[in-house]
C-alpha cells in the first residue's frame, strides 16, 4: 500500500450516512452517521455509480467466525449413514484459533442423484474437506454443504492410514 | 464405560432358579461365599476376599484439631471410593448414587454405632486430637461389596496401631514406631453389615448376593449388627414393599451370620499376630504367592555389573560415541545450544532488574513493571502523549468531534 | 433472573403500559405492590423475618456467633450475608443453579451494609481485639416474582430489627477472660437498625423509570439502577445492572426517583 | 444414662408428651403460586416446605429419561439457619444427598410412575426449621404437595420415627431425643396396607426390642395419616361445595 | 510493601514468580514428624496465558509442575529450611510461592525454575521479635534480612522430535509435535534431577549429550541471575 | 486431609507478617498532600500497551504506578454447553487477583469479591460490544491483577476494553473507567489502596460522607455503561463525583486512542 | 515356599543395610487375579506390592475421543487419602511411559485405561507400579511395540549403590533414581530422580539398572508363558 491510510478506533465518527456514502464492514450507523467499530484503517471503495462504501479493515480482513456462504476448511470427525460431523478449522483465509463444529447432511453431500449417496463412501474420519456454510444450524453445529464442483474432500489417508 | 446389561433370558433364568431355591454358584439361600481375610505388612491394612469380590481397607491417622462441637473427641473419617478398578461402570472422581449410599452406610455402621472409643483419641482436650481415617478401596466387584467392605473396615481398625503420644504441659511429643510400641485403637464392639436381597415382590430372599443376583434383585435390606445381637444399622433400599415379619426374619438370620464372621476376624487377627511374633512372612506378598496357577515367582536375583572404573571408561567411550552420533546424523543435535554456548556467555543487562541471555533478542515483555519504572526513556516516550492530551484536552475532544472523511 | 420468555408482542404491550403510566397490574410506574411482613417465626434463629411482595417470597434468619476479631479491624463486629435460592422457587435453581444470583444479591447487600453507620458495629464487639459477634444473615428465596433485591433488603432489615443478641458476662481469671452467654431467653439486647439501608431498584423501560418491577417487566428493561438508601436519604451503594447503558442525566433522574422512596426504609 | 431425663418416672417425655403421643401437626396445601403443587407442614417445631414441579420434559441430558416410567427427581435441602448451630451449606453434603436418595426411593415406590413415561417430576423439599424427624416431616409434606399437584399415587405415604427408652417404645422423636444417642427407627409406610416403603435405623438397639418399636411406629404413622386425611377430606368437601355454588350460580 | 517479584522470559514465554511470606503461628511445627512444609510453591496456568487452559482448579500439567517445583526446593537444598525458623517449635516463616504464567509459549519448566530461583534470591524477610512472656509477635517491615540461597539450580529442557532429533528450549508448537521430553536440572557440576517422563526411548549418548549441555547452560543462567540481581540496588 | 487436593497446601494457621507490624494511620479528612505526592484532583500516570500475551487473540497491560493489570481476550469460540446457546454472541469475564497482589494473601479460588467484580466488568463492557455480530459463539475475557494499589476495577475495565479492541472484536465504542474516593468534603481522584482502606477505617461522623465511586464511560457515545459506589454518600456529592469521574474518563480516552493507533500501525508495518 | 522367601528377605534387608547391594528383591506376579477386568495383575517386589488392571480397547468418552488412535489413560490410586499433585506426577510419568509402548493406532476412537492401585509401599513403589502396569497390559493382550521394565537405584550418603531399595534405605539415601527401559534394545524410556547426584553415579546406576531390567523382562516372559501354558 502507498500512503498509510488514517487509522481509526471503535466509536470514531467517520462520516454522514447518505445515498452516496454507505456503511461497509467494520462500521455501524447511529442516528445518521457512520461510525467505526474496529481498530483499523479506513478504506472507501467507489463503484461505477459513484457510490462510496466506507469500511474499516482491522487485523483480519474477513470475518473471524463462520458465516453463511463462507467457504470453510474442515476435518471430518465421524460419519454415520444420515450425516457426518466435522470440525471447522478455518474460514476463508482466516485460521480459527479453536474449531467450530459443523455437520454435513446426507442430502447436502452432492448435487446429483442425492438419493443414492452412501455417507461412508464419501467421507472417512480424518478427511480434510472444503465446504460452504449453508446455515448457522442448531445449538450444536453449523450446517455445511459440499454440493458444488469445487467443494469436497481435498486430502485423505488410505485405509492403512499411510 | 457403561455396564453391559443383563439379557432378559439370563434374568429369567436366574429368577427361575431362585424360585426353585437354587443359586448359580450352588449355594443355599442363606450361605455366604467363602471368606478370606489377610493383613498387610503395614499396620491397619486389611484385604478381604468374599468369593471373587475383593476389598482393600487401610486405616491411617494424623494429628489435627478436634471438632468445635466435640472438643473432647477424636475424629473418624470413612472414605469409600468406587473407582473403575472395581468395575468398568464406575467413574473416577465423581461419586455415583451407589457410592454415596455405600459410604453413608459405612459411616453409619462405624461412626453412629460408636464402635470406636472417640474420647481415647483426644490428645489435648479442645486443641489436638487424632484424626483416624479409613480408606476403603473396592478392587473387584462381584457382588455384595457392602458386606465385604464392612468386614475389611472393622478388621483393619482392629489391626491398626497408632503412634504413642505423651503430653508434658505444652509439649506434645509423638513417638515414632521405633521409640515406643504403637497402641491399638479401643473398639467397643465390631458392627458388621449383612445385606439381604429380595426377589419377586419380596417372596424370595438371599444372603450375600452375587453380582448377577444384585442385577436382578428388586430391593435390598441391610442389617448392621454386632455379636451382642445389637442392631447398629437398618436400611431398606430399592422399590419394594416389605412387611414387618420379613424384617424380623432378616435380623434373626443376621445374628448367626455376624457371630460366625466375627469369630473369623478374630482368628485372622490372631494368626497375623503370631506370624509377626515368629518373624514369619506376612503381608500381601503371601497373597500373591507363586502357588496359584496364573502366578509366577522370580527368586531374589543377584545382578552382576562391572565395577565403577569400568563404567568410567564406559563414560569416555560414550563420549566419543556421542561425537560420532553428532557427526553421522547431523540433525541429531540441533545447533541451537551450540550457538547459545558460543556467544551467549555475555549477559546483557537491559535495565536494573532486567537481564537477558541467549537467542531471540529482547521479548515483547521488555517494558514491564520493573523495566518500566526504571527505564526512564521508554517511559517518557510512553507517557508524553498521555500528558499532552491531558493538558489540552478540550482540543483533543473537539478533534474527536471533527469528521475525518467528507 | 427474568426468564419469563416473553414474546415481542408482550414486550411492546408492557412498554406501552409503562408509557401511559398504567401497568398491567393497574399500578402507576412509581407504585409498589402489596407487601406482607412478619417477624420472629424461626425459633432456632436469633432473629427472623419473612417478606412477601406479591409473588416474591423471602425468608431471612439471623444467627449470631462469637468469633475472633478480624485482625484488620479489631474493634468491630461483622456481618455476613448468604443468599440461598431454594429450588422451590424454580427448578432452575436446583443444585448450584441459584448460586450466581445468590452471590450477586449478597454482594449488593454486603456493599450496602459496608459503611460504619449501617448498624452499630462497635456494639457487636464483645472484647476489643479478641472476640466479637459475627452475624450470619441467611436469606432463603422461596419464590421469585420480580424485584428480589428490594424484597430481600427489606426482609434483612426487618430480621436485624427483630434480632435478639444474648448478653455476655465477662469474668477475668488468670488464663485470660472467661466469656459466658446468658441462656435466659429474656436477657438480650437489640440492635439499632435505624441506619440500615434498603435497596431500591429503578428499572429503565423504554424512556421511563419504573420501581418494583414484576418479573415480566424486568425482562423488558435493559438497564436498572440499584441504590441502597437510608432513612437519612444518604446513598450507601449504587450499581447499574443489566446489559444496557445509561446517559449521565438519566442516572440522576433515576436517583431522584429513588430518593422519593425514602419513606420506605422506616418500616 | 441418657434415658433417665428423657423419660420421667411418671412416664412423661422431655417435652411432656406420653410415649406414644405425637407432636402437633399443622399443614397448608398450595402455598406457592408458581409451583404445580406445594405444601407447608409443621410437626411440633419441625417446619418443612415442599414443592412439586411437573410432570414436565426432562431437564438437562436426555439420557436420564426412563423409557417406561416417570423419572422422579428430588432435592432435599435445609435452610442454613434451620438447625441449632448454623449449617455452612444448605445442600450437597453427604447427609443431604443420602436424604435426597431416600426421598426418591420412597416416592418411586408409591407414585404410579408407569403412567408418565419419558418425563420428569421434581420434588423439592426445604426444611425451614429442624427439631427432629426431618425425614418424616419431609415425606409427609411431599405427599401433600403431590396431592396438591394431582399426581396419582398408590396411597398416602406416611413416615414416622420411633425409639426405645427404658423398655418403653416412643414415637415421633424430637431433636433432643434424637441427639441423645439412643436408637432411632424411621419408617415410611402405606398406612392402609401396613406395607413398609422405607426403613432405617441408627445407633444401637437390641434385636429383641425391634419388633415392639416397629409396632408403635406403625401406629404412629396411622395416627398421622388420620390427621392429614381428615383435613384433606374436609378441604375437598368445602371446595366441591364451592364449585357447586359456582356452577349453579 | 512490595513482594519480591521476578519474571523469567524465554523468548515469548513469561512467568511471574512472587513470594508471599507468611508467619506460621501456632505449634504445628512442634510435632517432630508432623512438621508442615515451609515452602509451598504453586504454579498457576491460568486461562489468561493460553487457550489450552480452562478456568477452574489447576489441571494435570499445573499440578505436576507445582510438584516438580516442590521436589526441587526440597531436594536441591538451595534453601536451608532451618533458616526459616524464627522460634523453634513455635514460630517459623512460610514461603508461599506463586508462579503465575502470563504467556505460555512452551518450555514452562525452565521458565518456572529460573523464576523460582531468582525470586528466592531476592526474597527479604522483615525482622521479627517475639516477646518472651506475653508471646506477642512484632514485625518491623523497615528492616529486611535477605534469604540465604545456597545454590542456584538451573533446568534445561529438551524435546525429542521425530524420535531422534533433540531440541533445546522448545516452543509451544514444538512441544505439541514432540514425541518425548527430557529435563535436566543441574547445579554447578551436580545433577539435581533428570526428568524424562516416558516418550520415545533414547540412547545413553543422547542423555549424556543433554547432561553436557545442561551443565554448560547452568553456569550461564546462574551468571544471568546474579548479574541481573546485582543490577538492582537494594 | 487437605481440602484442595489439586494444589500444594500449607498450614492454615499461617498469617501475614503485616498483621504484627505497627499500622500507620492516614487521616483523609485533613490531608494537604497525598502520600504519593499527587494533588487531590490528579490522575496517576497511565501506561498502556497491547499484544502482551502472544497466545491470546487480543491482550493488553495497564499500569497506574503500582496498580498493574493484565488482560487477555480469547474467542470468538463456540459455546460448548447446549444450555447457554443463543443466537446472540456472549461475553464472559473472569476477574482474578493474584495471591500476592494485595496486602493480605489471597486465595487461589475466586472469592465473592472477585465474582462481584467480574460481573461489574462484564456489565461495563457488554453495552460496548457488537455481540449480534458473533452468533452462537462466545468471547472470553480474562483479567488478572498482578498488583493492586487502588482503583483496580477501573483499571481492569479500561484494560479489558483495549484488549477487546486490539483483538479486532467489533465495538460501538471503547470503555474508559475512572474512580474517586470521597471522604467528608475532599474527593480524591484515582485513590491508591492505602487511601482506599484508610477510607474504610475512617471514623467519620454519621452525617458525613465516606465512600468511593467507579464510573465506566463510553466517550464518543457519551453513555455510562457502569456505575458503582460504596460507603455512605449524600445524593448531591455522589452526583458531583460521578460527573468528575466522567470528566476524567474523557481525559484518559486519548491515551487509549494513542495506544491502539500505535498498535495498528505496528500491525501494518508487520504486514507490508 | 514361604520359609524360602523369609530367609532371603532377611538376608536381603541386611545386605542392603550394610552397603552396596546389587540384588533385585524377589518378584511375584499373579496374572488375571481379578475377574471384572480385561487384564489384571498383582505384582510384589519383595514386600512392595501393587495391583494393576487394564480395560480396553473399549468405548471412549466422546470428549476424549481421538479419531486416529486409542486414548490411553492411567489412573494411579494411592492407598491413603485422595490423590494429590505428587500422585499426578507419578500418573503422568506412568502414562507417558506406557503410551508409546502401546500400539494405540490399531484401536482408533477407543479407550485403553490402566488403573494402578498401590497396596503396599515398602520401597521402589514407582518401579513396582510401572512393572505391574506393563504386565497387566500383557495380560490384557494389548498390542505393544515393546515391553517396559522399571528399576530403581538408591545412592547412599556414602556413595554406595543399592538396587531396588527398601523403604528404610530410601529414607536414608542421598538420592533415588528410577529408570525404565524398553525390551527391544534396552534404551532409556524414563528417568525420574529425587535428590542430587553426580553424572558418574548416574552412569553407574544406569548400568546397574539396565542389567537388572534384563532379569525383569525374563520374569515377564516366564509369567506370561506360564499363564498361556495353564490356559491350554
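First chain written, first letter: the chains are A, B, C, D, E, F and G, and each begins at residue 1.
Criterion: contacts are C-beta pairs under 8 Å (C-beta built on N, C-alpha and C of every residue); 3 or more make two chains touch, one makes a residue touch a chain.
For reference, the UniProt names are A = Exosome component 1; B = Exosome complex component RRP45; C = Ribosomal RNA-processing protein 42; D = Putative exosome complex component RRP41; E = Ribosomal RNA-processing protein 43; F = Exosome complex component MTR3; G = Exosome complex component rrp46-like.
These figures come from a predicted structure and were not determined experimentally.
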TODO: Could you work out how many touching-chain steps separate chain D from chain G at minimum?
DONE: 2
Open item on the list: Out of every possible chain pairing, which has the most C-beta contacts?
Closed with: B-G
Open item on the list: So, comparing each chain's Cα centre against the centre of all protein Cα atoms, which one is closest?
Closed with: B
TODO: Would you mind pulling out the distance in Å between where the CA atoms of chain A average out and where those of chain B do?
DONE: 49
TODO: Go ahead and note the Å separation of the Cα centroids belonging to chain E and chain F.
DONE: 30
Task: Approximate Å spacing (C-alpha centroids) for the pair chain A, chain E - done: 45
Task: Intercentroid distance (Cα basis), chain F paired with chain A, Å - done: 35
Open item on the list: Give me the residue numbers in chain B that touch at least two other chains, ranges are fine.
Closed with: 133, 315, 318, 364-365, 368-369, 400
Task: Residues of chain D whose C-beta touches two or more other chains - done: none
TODO: Would you mind listing the residues of chain A that make contact with two or more other chains?
DONE: 12-13, 97-98
- [ ] Show which residues of chain E lie in contact with chain B when the two form their complex.
- [x] 5, 7, 9-14, 27, 30-34, 102-103, 164-169, 203-206, 208-209, 213, 216-217, 220-221, 223-225, 227-229, 231-233
TODO: Going by the contact rule at the top, pick out the chain F residues touching chain C in the complex.
DONE: 15, 19, 104, 112-113, 115-116, 119-120, 123, 126-128, 197, 200-204, 206-207, 209-211, 213, 218, 221-235, 238-239, 242-243, 246
- [ ] Show which residues of chain G lie in contact with chain F when the two form their complex.
- [x] 81-85
Open item on the list: Touching residues of chain E toward chain G in the complex: what are they?
Closed with: 60, 63-64, 66-68, 70-71, 75-77, 179-180, 182, 187, 189-204, 207, 211
TODO: Within their complex, state which residues of chain B touch chain E.
DONE: 62-63, 170-174, 176, 315, 318-319, 321-322, 325-326, 329, 331-334, 336-337, 340-341, 344-345, 347, 349, 351-360, 363-365, 368-370
